[in-house]
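Below you'll find the structures, each written out as structure tokens.
One chain, subunit A, links the two complexes that follow: it is found with subunit B in the first and with subunit C in the second.
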Partner chain A sequence: MKRTLCCTVLVLMLFLTGCTDRLSVENVTFILLVGIDVDEEDHVVYSLSSPVFSKEAKKKEEELEVRAMTMRNARENFDRSVVASTLGGKVQVILLGKRIFEHKDWFQLMDVFYRDNKDTVLPTVVLVDGKVSDLINFAPKDKPRLSTYLTELLRTSHKRNITVNTTIQELHRQMYDKGITPSISEVRKDKNLLVMGTALLKEDGRYALMLDPLANKLFSTLREHRSGEFPITLTMPSHNEDSFYKLNKLSITATDISTKTKVKYEDNKFRYDIKVNMRVTLSERLYPINLDKNAKKIEKEIGEELEAQYKLLFNKIQTAKIDPIGLGLYARAKEYKQWKKVQDNWGEALSKAEVNVKVKIRIMSVGSIN
Partner chain B sequence: MKKYAKNEISLMQFIFIINGAQVGTGIMSLSGELAASSGTDGWMSLIIGWLLNLVACLLIIQVFKRFPDDTVYDLLKRLFGKWLSLLVVIPITLYFTIFCCLVQIKAMLYIKAWFLPQTPDYLIMFLFAIPTYMVAGKGLRILGRYNELVFYLTAWMPFTLLFVLKECHWLHLLPLFKDGIMPVIRGVEPSIYSILGFEVLWIIYPFLKYKEKATQGVIIANSITILAYIMATIICFAFFSPDEITSYHQPLLSLLKMIEFSFLERFDMIFLAFFLFVVSSSWISFMFMAAFGVSQMVRKQDHSPYVAIIAVLIIVMVFVIHPSWNQANEWQKWSSRMGIGVAYALPLLLWAYVQVYIRFHKGDTR
Partner chain C sequence: MGNELSTKLEEVQKQFQLTPDLVVRHLTIQATGTKAALVYLDSLTDNEVINNDIVNPLLSEGPVNKDEHPFHTNVGNIRKGTEWADLESAILSGDTVLLIDGNPDAFFLDTKGWPKRAIEDPQIETSLKGAHQGFLETGTQNIALIRRYLPDRELKIKELTIGVRGKTKVWIMYLADVANPDLLKVLESRLAAIDVDSIINTGELVEYIEDNPYSPFPQFILTERPDSTVSQLLQGRMAVIVDCSPSVLVAPATFITFFQSIDDYSTRWMIASFIRLLRYLAFIIALILPATYIAFISFNYEVIPMQLLLSIAESRTRVPFPPLLEAMLMEITLEMMRESGIRLPAPVGQTVGIVGGIIIGQTAVQAGIVSNIMVIVVASTAIASFIIPSYDMGTAIRLLRFPMMIIAFMFGIVGIIIGLMILVAHLVSLESLGTPYGSPLAPFRWSDMKDTFVRIPLSKMVKRPESTSPLQSRRGKDNRRAGGNP
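Moving on to the complex of A and B:
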């Protein structure tokens, strides 16, 4: 009796198609790139790009640009024109036009990425200097599909620390946390794509300034999570170089970096003492000096030059009243009482803070020639 | 007279029934709730909650010390008589039923949100009902075996959280006691709600083979639960900024979205699918307790028909109401308050009563 009941239930279950909403891969269009921009007439424009897997199609992807109310609304419009129904869960890169950053509150437009359980939180956020539509319609002949090209480009330039790699999950953190301001990659399309560096945003999301690759490397050394390589080329002011080729240059690769950040509150302002220890290999030296004998001297010179560069970086950051490094996190952890007073105006407080960076260099190797 | 001898459970089964009943869907949203009530100090509230749990468990064991072969139903009948005891027995049974129903509804909502948005909710509930009947309809020993198996099958899951360690910002946790001790105390309430479940002890205690190991058992069970909770909470706190974590409904699931392998995206889905086993061990345990309670009330030996009845009632209820997330959360708040009564107030009152009772009935407790 019981066995029959069991069997009946099991047989019945075979007819139970729980997956009424299943999707076959053939019937799906994956959106790989998403763009948001503001056009000349101040309308928000959404653009989507997805790959085409068809031998008959000559172009490798299809794009759509549309003035829409929201992202979801734009996807609906996309559905009206593409071959299959669209799916957002595979987005690789989110492109934001520079004009987006003229107004605050643009972050609300991204709501759907965080709300939809089917979306991932790992697409990279990129600022496009120029029009997003130019970039998304770009189909270079000597490169793979744009989505692949762009993701690879961003990944490798982050590996060399030319720019940061901010996923939308990280952006969410940077937007909401009071002790840090957002920083995202900046890209421009001239003839080719060009990674410009890192765009730093204000607390409310508006554009503040851009860090070039060198500044970005220094900036990245100070962040909590470091990864990749740090090749740095410096101009050594101690060597007056009158040669046509300006030979007072030196390149190092920092292989091992450790930083120690201390914060204190005294004299009505925060004081940061940041110690940076770098172990470097010397990869290039254009001016004549005996490296074996003058190692100590060069170490000191490089350290001083880097300190000067850090100072420039902090000048920029403090004038813009932003905190892309997240020094506010240290203030919260170590000087909570003072932090609480200024947390809603942290950029202001940091701009008044005193920041001292001390750099200590150790040359581990100079290569195969002296 | 050993009434429950044929369904005796081992210490391990005892531990995993308690642990299984405790760990449900609460762990997904716990860190957000703690952050809302007590900021990044919330994990300390969990420790206080754990201590309170241990006290309550030990009180229950103390109550049973004199009546080692009684479930709470037998005990209440002994102390208050057949009719008076119903005043307490009915709410307890009702509580177990409601809790079982809620855990299932929550699990169903998760499945709908993540896997099967278009599938009707009652259908999912029906699918739940089949394994529920198969496990809870049998004796407690089968339930114990199931829960033990589920624990071994899913013991790896907390360790997957270690994949996000490299993205963590430990500075978020400092300073300890940010705003003094009060926020930590405020966090005890959500902590307690999330570790309710040990009250199954009221029923499973007489089934335990070696009663002298009961204390050890409840300590281990509660500690396993709390360690998993603390680990999940601390990692969520270190990963999410304290300013953003409260904006997530289920911080733990959002955190799992970060884990991606080159051969596997959306690890959160896999995790959730496996986590269903853990959640099932919770609602199945409660289902057993509810059905057992009903069978005791109507004085029948076999509780399995009541499992079927309760399961059908739950499906019908879902079919009629179609609960939403907000409703489920609202109900959970109420049932958690009932849980405080069953799990904390009842042990205290019964313990006090038993002390008096023993004094007046010296010698005839057996």
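Moving on to the complex of A and C:
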């Protein structure tokens, strides 16, 4: 009897606590894209795009732009205008205008994404070369919803290693870890949407430089999480380009990549020896050469060409005094004493470091024809 | 009772007033020349046996050995009685009573015979490869069906009578050298304690002897298959056969026994294991899929992939009801369809079910009463709940779905977890005949795992399940007890 009474009371108590935070899916405006930009009058502008499901609505999504003090303050302004309550749990992409990166401390604006547990830390961060409002109002007729289109575009271009895919969770780490500087995707909207490559940021968050797709591929081979395909087209300097069509080109797809990074501190500077082993398949060859006889030669040539490209990449990085690859993590692990001295100025220290990249190529297949 | 035949007959007539099927036949026994009378109920006896095997020998055959019975008959089962009460119950159970002038004893000759149906395929527990014999309404025949599988002297049968008026005969069958005697005692004492008018059905009996009547879960197996009963007997369980009921009770049961089917042992072990895992999956789907749908679309949209979310939201905007009401509407329609299917004659039932299902599903979506996704959820739930081999367990899940839906509507995924935790707590605290219902998972028994989630090859399954605590744990070999009774 006592037990029955106890159970009844417990069950009744279940009903006491409210159903207050219930919000059915149709009563929610899902923010899929968030934009933060600085306008001509130096005001921070927040914008968002969310899908509309109503049959009566002709457009598939609604976009809004407000000047506000903070992101949360901006949401209030959105709530005054959109159909249902806005919710950030499904944000796919966060678009940051290029002007944001002119000043440091912009990262503090993103606080709400990390603090509010109804928000997600999975959206991809994208730098927009141009105005965010131009992009967010872009509604191509031959493409699905912009949010879907943009998400898919970023995902597939990351798969081909045209750009990186940095979620805001990853960005948080890159911002605060002293051994690595942030790298995010960069897009541009001219007539169409175009993935430009990867934007590298300085330790304080300001814009440093952009890597084009080829540089990004090499950059990605050195990063800790390597994934996707690595199709690389190279110009072979050993062959003439007198033909009208400039036939000294060779395309490879790197299938199996392994790198080994060694760090030493000698002569008052860090020295990095990076060995890159690649197994490649030859996918395109425009100049005539007997592949069977010259395999070794070609392997060597490709290796040398890639080494030159790596050298260019490191020149750029070192001049900009940044470390997007995370070489600082190796220094911290292996040369902690020296690292400790320079950790607050790691970009500077890395720019003085000596970086040697050795590439070893093995051609696994030359394709169906010789 | 007295010696005078005429007074005895008068007394019989007095006891059986308003009984038009009572027959009294006067005759003279050839062997001794004494007067005698046969008394029986015409409706419960086999007339051919009476004419050929009783009346004929009595009238025609010569002197007899005085030590046995003072008459000739071809009936094997003859009992003697002197009390009126014995006579009454013998007549009512279909025996023929022979009263002889000058003899104080009454002789009860077994002539039982009543309307029976032929053996048919089991209706609820259909099986692909198992035998096509189901239990019948006659207890003795059911015993015969079981005995055919187990010609073993250790197969013991205890007879009990339950009910003051009905006097239903109940038999407990068990393998004396396998089944645990403590469990047998519990079962016997519970059966003996029943105080009712009559037991009509085994399902009724269950309610009087189960451990926790306030649980939705069945605590005994009710089967209509002789082959699965035998398989359970061999595992150390006991069977209770109730006269007049075509289902047999098997005890003790554990939660997982309701997910085992006799077909599991006759299909290849890999396939059987796969199908068994499928049943556990179906159990979970049937229990929480509608609840999960409700939780996802009213609390936790974050877990739905974006593309799916967009299409769910799109179809939800047309629906004017909150998710719980939408789900309840469809689930209750489904339950009604299922219940009405039982009442409809078989050929019509299927058509009505399919047409009703398709039409209601299709038009409800078009009319904007429910969303597309809801129809998919309800349909897969329905399919999943039919996969479970035990009808009783299936109905338990059908019922539990509704509280799960309500709690999911209030608390989202957290609510579902609360619901599942309550359920698990309830399951592990349940008992069947005092043995843990959650066995072999809680308490965990490693050796029983061979026949729990998967079924390993039979040659590797040498031990009987520990959950029945059998006297003899190893199957096979000649380890039968020597000698007769213990």
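Note that in this section the second predicted complex is superposed on the first by the 359 of 370 C-alpha atoms of A that agree within 3 Å, B and C clash if a C-alpha of one lies under 4 Å from a C-alpha of the other, contacts with A are read in each partner's own complex, and residues count from 1 in each chain.
Throughout what follows, a contact is a pair of C-beta atoms (placed from the backbone, for glycine too) under 8 Å apart; a residue touches a chain by one contact, two chains touch by 3 or more.
Note that the structure is a prediction, hence the values are computed from the model and not measured.
K.L.:
Please work out whether A:226 is in contact with subunit B alone, subunit C alone, both, or neither, and reply first, second, both or neither.
P.N.:
neither
K.L.:
Just to be sure I read the superposition right, which of the two partners does A:143 touch: subunit B = first, subunit C = second, or both, or neither?
P.N.:
Neither partner.
K.L.:
Touch test for A:120: subunit B only (first), subunit C only (second), both, or neither?
P.N.:
both
K.L.:
Using the touch definition from the top, say if A:202 reaches subunit B (first), subunit C (second), both or neither.
P.N.:
In the superposition, A:202 contacts neither subunit B nor subunit C.
K.L.:
With the two structures laid over each other on chain A, which partner does A:51 touch: subunit B (first), subunit C (second), both, or neither?
P.N.:
Once the two structures are laid over each other on A, A:51 reaches subunit C alone.
K.L.:
With the two structures laid over each other on chain A, which partner does A:279 touch: subunit B (first), subunit C (second), both, or neither?
P.N.:
neither
K.L.:
Looking at the overlay, what does A:188 touch: subunit B (first), subunit C (second), both, or neither?
P.N.:
Neither subunit B nor subunit C is touched by A:188.
K.L.:
For subunit A, which residues lie in the overlap of the subunit B contacts and the subunit C contacts?
P.N.:
19, 21, 89, 120
K.L.:
Taking the complex as given, what residues does subunit B use to touch subunit A?
P.N.:
Where subunit B meets subunit A, its residues are 113-114, 116-119, 123-124, 127, 130, 166-167, 169, 171-172, 174-175, 178, 240-244, 247, 254, 257-258, 260, 265-266.
K.L.:
Looking at the complex, which residues from subunit A come into contact with subunit B?
P.N.:
It comes out as residues 9, 13, 16, 18-21, 89, 117, 120-122, 169, 172-173, 175-180, 224-225, 326, 329-330, 332-334, 336.
K.L.:
Using the touch rule from the top, collect the residues of subunit C that touch subunit A in their complex.
P.N.:
On the subunit C side, the touching residues are 297-299, 301-302, 306-307, 309-310, 312-314, 316-319, 322-323, 407, 409-410, 412.
K.L.:
Hey, which residues of subunit A end up touching subunit C in the complex?
P.N.:
Contacts found on subunit A: 14-15, 17, 19, 21-26, 28, 30, 32, 51, 53-55, 87, 89-90, 92, 120, 145, 147-148, 151.
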